[in-house]
Amino acid sequence: MNYAIRRRMWSAALIVAFFLGWEVLCLALNVSDLVVPRPSQVMATLVARFPVLWPHIIQTLWTTMIGFGLGVAVGVVIGALIGTSRVAYDTAYPLLIGFSSIPKVAVVPIFVLWFGAGPVPAVLTALAMCFFPIVVNIATGLATTEPEMEDVLKSLGAGKMDLLLNVGLPRTMPFFFASLKIAATYAFVGTVLAETVASNKGIGNVMMSASSNFDVPLVFAGLFILAFLGVALYVLFSVIEGRVVGWANRRTDLSPS
Amino acid sequence: MNYAIRRRMWSAALIVAFFLGWEVLCLALNVSDLVVPRPSQVMATLVARFPVLWPHIIQTLWTTMIGFGLGVAVGVVIGALIGTSRVAYDTAYPLLIGFSSIPKVAVVPIFVLWFGAGPVPAVLTALAMCFFPIVVNIATGLATTEPEMEDVLKSLGAGKMDLLLNVGLPRTMPFFFASLKIAATYAFVGTVLAETVASNKGIGNVMMSASSNFDVPLVFAGLFILAFLGVALYVLFSVIEGRVVGWANRRTDLSPS
Amino acid sequence: MNPDLAQIAPERKRPAVQLSRASVAFGQGAERVQALQPTDLHLDEGEFLALVGPSGCGKSTILKLVGGLTRPSGGEIIVGGREVAARALRVGMAFQNPTLLPWLTIEQNVMLPLKIVRPFRQDYARKKRGEYRDRVHALLADVGLEKFAGHYPWQLSGGMLQRANLCRALIHEPSLLLLDEPFGALDQFTREELWGTMQDLWIKRRPTVILVTHDLKEAGFLGTRICVMSARPGRIIDDSPVTFPRPRTVEMTFQPDFVALNQRLRERIIDARGESARKVAS
Amino acid sequence: MNPDLAQIAPERKRPAVQLSRASVAFGQGAERVQALQPTDLHLDEGEFLALVGPSGCGKSTILKLVGGLTRPSGGEIIVGGREVAARALRVGMAFQNPTLLPWLTIEQNVMLPLKIVRPFRQDYARKKRGEYRDRVHALLADVGLEKFAGHYPWQLSGGMLQRANLCRALIHEPSLLLLDEPFGALDQFTREELWGTMQDLWIKRRPTVILVTHDLKEAGFLGTRICVMSARPGRIIDDSPVTFPRPRTVEMTFQPDFVALNQRLRERIIDARGESARKVAS
Amino acid sequence: QTDIRFTLGWKTQGSDAPILLAQQKGYFEEEGLNVTIDQGEGSAATVTRIMSGTYDAGFGDINAIIQNAAERPDQTPVMVYQLWNDPPFTVVTRKESGITTPADLAGKTLGGAPGTPTTKLLPVFARMNDVDLDSITIESLAPNLTEPMLIRGDIDGAMVFNITAWFNLINNRQDPAADFNWLNFGDHGLDLYANGVMVSQAMIADNPEAVTGLVRAINRAAVEIAQDHEAGVDAVLAFDNLANRDLEMARMMFSYENLIASDEVTRIGLGDLDDDRLSRAIDIVAEGYQLQTTPEAGQVFDRSFLPPLDDRQLVLAD
């Protein structure tokens, strides 16, 4: 217990140190706030403009959550398909890899052309950005499942679906959560990207307006908000993960009391 | 053997079907080539313009390879650190998650202002885009390594480094390769992003000027090139992966001859 | 031998397991390892076959063949009239190294067959907290693990894992039991107690059983029949019925009849090890 | 008893392993499981301790304590003058379930200690294809696995894995050997051969050994001393020297002296199982 | 009520005030129009957005219409209200680089956003002024990098809209008047028109009254803002509360003083244009881009939706 608290303190201290270092470096090297503002400036802007920013935050958060939710669903389904069927793997993987190598900024205009500006392209971009890491980790987890574990169920006459639900997916959980953490951050990136291209609302739009007016502290305030939202989502998943896949991380709790 | 060939054929057929479907859909729905050109148009543009595109392809490929190489190095080191030290995990993870939630487009201008337009910001952006999935998968792989396997080495008096090299990393290899596949595609996205923001060469630059000239087929030709490069890199890694982590995918070879 | 044991020994003669020149080889070309030579084996319903033989001779391979987990390279396997055992019969299998799923507690691991196997699965959602749970706990208590139902596999000792593994093979009252050294990591006394448990179960429900073991006493105590395999690539080189009356007791294992059987099997195994034995001798 | 065996039995009296009221408990609060009660154990250099006791009593836990893999909840463990065994002595450990690394071939798995342990590791890069390889192959041949050096663990049978596991514990000629049921999954004959191999090795190099086993014959054949543990939470309840002359033979195990020792230990274990036994009886 | 999807030429700027005021004051509604306004990606992108059918109308560049009309005559939008009478297309340079005439650009490095009409028109500009285009190095830069790169000297000149760059330089703590030279395309042979309100051909065909209403509402607002500047800026802030009031006020005034107000406008009124000048502009663009066909003026501009001249008189108050 005591150890856990000390650990937290340490890491909190290091994170604070990071921002202090940034502040000091900016002051020491006399970096213009038009290039990189100091964290204190960013925070000041953030506080001062918060009431104005609030609806944009809500907008981005909602859009991201919907896109992310859909992305997870799509990712799990495709990942399960690819991880269990060889033909699906050989077909879908190259297509997905190809799609993933494409900058999503190039795709947003197409979404806009189809669905108009607004939240729909943002949701779709968030989805497009975030489902791929989930696919890859689910597929890899399934493909590397120890055959011995599957044999346990096969000997009971289990079908493919039973195997997937009772062995494949649980075993893959740690890597599913790892990919969720990646995916959640990418979902934010996707939303913001789409908002940058086509929307009148959302953090992306704020950042775009701010940057076209060279209000760099406001741009960074947007970045801070995004970072914060990303971390918040990460913490949420970590808590869920702790409950669901505690079995995989037993090391820390293993040493006798 | 025969089965493997049939499988390949199937998946090749399905991939061809995908592009055929695209072509037919565009014709049937009479989609303007300003929105989505037909694959045949894209290919025609690609062939016709290939000599002009070639130096840009080389530029983007090189930049990406360097950025990707650095990204892998950075990713493995940070991942190993985070996966083995609790304090490093608690400190670096939130910072990395925060950084990852930021659209890299917002960071590129900073790189450009520091290093000038050209390949350096592109390399850095590729690095910034691609190291995170590697970090996450390495860290997760290490954190979920079965303690029993580590005990084998610990009983021999192995140090942390021995454990990492002989148990942690090998066991993590399947997920490292999975993340490489994600990372390689993101490295391309990063390079192209940076080329879009500031450059006079590279696929990103081509796509940008093509889109400003309403030459959508050329934009798509750029996308096709990126997709192709991404798939090529993926195939490369798959071959290496097959050699290195065959042990983890033994399922397919297991059934008796 | 006691004449009245005939009425206890299996009478029904429906074939439960039928291997016809079944063979297994792994790998290709130079890498090829012949794990099992073409083997014939016929098991009637309700038989209790004890399978003994040197390490690496293919005992586990036979179990996996019968269980439908390995396809034969040649020959044919028919179980309960079908090619895949689990489709035809209710099969219970205890693997040689207890592969309990690490994300499930012991209770959940043991309950797994009830979640998968018909007809139990239909009622699983409804009964898993009631009837099925009680059933699992009762079985765990039989093997001395009642206190560990809520523990995870990594919290158990080797022998405890093996006992949990055995429970998982028995929980759904299978009509075909495939047991791969289920008592290997246990001390003699626990082992003898579980022999008793096993025998009671067999007398009561008469499943068809294949038991792989290295302990001839165990083979004689439990089996209706003992098969001896030769060294790798394996082949069945001896097939003897065991006709001691049931229920058998540990004391019986010291009787001259029993000791003589053991002695005979011992010699067969010494033959069986043949060439490989000469190599192992350092 | 043969009087001249005293000169073979260990004479040097430097303490190799010393447990002082070492205890182990896992978990917190209501979840707390006492795995080992405060235990004293003193092992001289060159002793061969056989540890027997019921399943789950803490035998593996003691090995892990001595090997430095588990920290004690109370008390102290000193091995070769230091707290962590592997830092003080060259330790070889064979785990209860053979945990071979799945990405290495059998040869590479067995060679692992040479890659890690000083002074072998210095020359590893140079010798791994020459001297070290030969050494590994020789040892594998001793246990009958010479043909499987290039195979991966999943291509081996249970008993073969266990033999590879044993090789890995021996390859670097450790001065402290911790063996957790290393012969469990083997047939009687292979087992007896490996007893001989083990004994030869011990006579030649005189490592300090702790051997966990369920086989009293094995304990008597190999040990210089046998400790009996009580049921969980474990405690050492009997500690007897074994003074039969070396080299011992399998025939010796049928002699009255040997049988009497076995008989006495049997009774101690029956006591030892105490409460738990009553529960297990179905 | 007719639904109209309208795209601006860029992020909210003071120069969009006429459209935003018409929206805020309900002038669109009075015309029976339900207008949704979205921010844009550039004046040229307005043309593509309308061509693809995503938007019905927008604020964008007439030269982009000309360029597209040559290749896709059935799809290009039509300018119905020519708001910016003078072109904002400018190459801005630092005073110390000594660039004062187009000829000085030879051998220099210019940067600009590739989609910006200025960048797209540079070849035309070079051709008209006999500058060797191949000797000029062109860097593609994101919009938010052009001015910083210029200030830092990474590029010698930036291809911009004066209305944008002027205020961007102020935002970058520069003095745009004192320290920079402004080479306006309009002063060097490119007497082009620029931004205005354009609508899709489909809208003209299906619902000409809506077009008339749209133009009338925007014109009404444009005329009104010339008198009541505060109302214009209020509308901008009502649309985008992140905008900086003083800055957008200044920008709005800049657009009126430098881009909208001209002798020609005094003569023919807001929204209209001179057909000869347009024809010349079309020729310049067509030659500059080496277009296969030269579009007709009637394909590009349609004055039939303009309100009477009396309603289009610009009287700019101080």
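Letters A, B, C, D and E mark the chains as written, and numbering starts fresh at 1 in each.
Going forward, contacts are C-beta pairs under 8 Å (C-beta built on N, C-alpha and C of every residue); 3 or more make two chains touch, one makes a residue touch a chain.
Molecules present, by chain and UniProt name: A, B = ABC transporter permease; C, D = ABC transporter ATP-binding protein.
Not measured: the values here are computed from a predicted model.
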| item | value |
| --- | --- |
| Co-neighbours of chain D and chain A (ABC transporter permease) - touch as defined | B, C |
| Chain-chain pair with the highest tally of contacting C-beta pairs | A-B |
| Computed distance of Cα centres, chain D from chain B (ABC transporter permease), in Å | 49 |
| Distance between chain centroids, defined by C-alpha means - chain D, chain E (Å) | 86 |
| Where chain C and chain D are represented by their mean Cα positions, the distance between them in whole Å | 28 |
| Whole-Å gap between the CA centroids of chain C and chain E | 85 |
| Of all residues in chain D, the ones touching two or more other chains | 26-27, 97, 154 |
| Where chain A (ABC transporter permease) touches two or more other chains, by residue | 35, 113, 147, 211, 245, 248, 250, 254 |
| Per-residue multi-chain contacts in chain E, two or more chains | 52-53, 144, 148 |
| Chain D - residues contacting chain B (ABC transporter permease), complex | 64, 67-69, 84-87, 91, 93, 95, 97, 99, 101-104, 112-113, 115-117, 152, 154, 168, 172, 178 |
| Interface residues, chain A (ABC transporter permease) side, partner chain E - complex | 34-35, 49, 52, 112-113, 116-118, 197-200, 205-206, 208-215, 218 |
| Residues on chain D engaged by chain C in the complex (per definition of touch) | 26-27, 33, 52-56, 59-60, 96-97, 141-144, 146, 151, 155-160, 163, 180-181, 184-191, 193, 196-197, 200, 214, 216, 266, 269-270, 273, 276-277, 279-282 |
| Parts of chain B (ABC transporter permease) lying in touch with chain D, wherever the complex brings them together | 146, 148-149, 151-158, 162, 166-167, 170-171, 173, 245, 247-248, 250, 254 |
| Interfacial residue positions of chain A (ABC transporter permease) with respect to chain B (ABC transporter permease) in the complex | 7-8, 10-11, 14-15, 18, 35-36, 86-87, 89-91, 93-95, 97-106, 109-110, 113-114, 132-133, 136-137, 139-140, 143-145, 147, 174-175, 177-179, 181-182, 184-186, 188-189, 192-193, 196, 204, 207, 211, 219, 222-223, 226-231, 234, 245, 248-252, 254 |
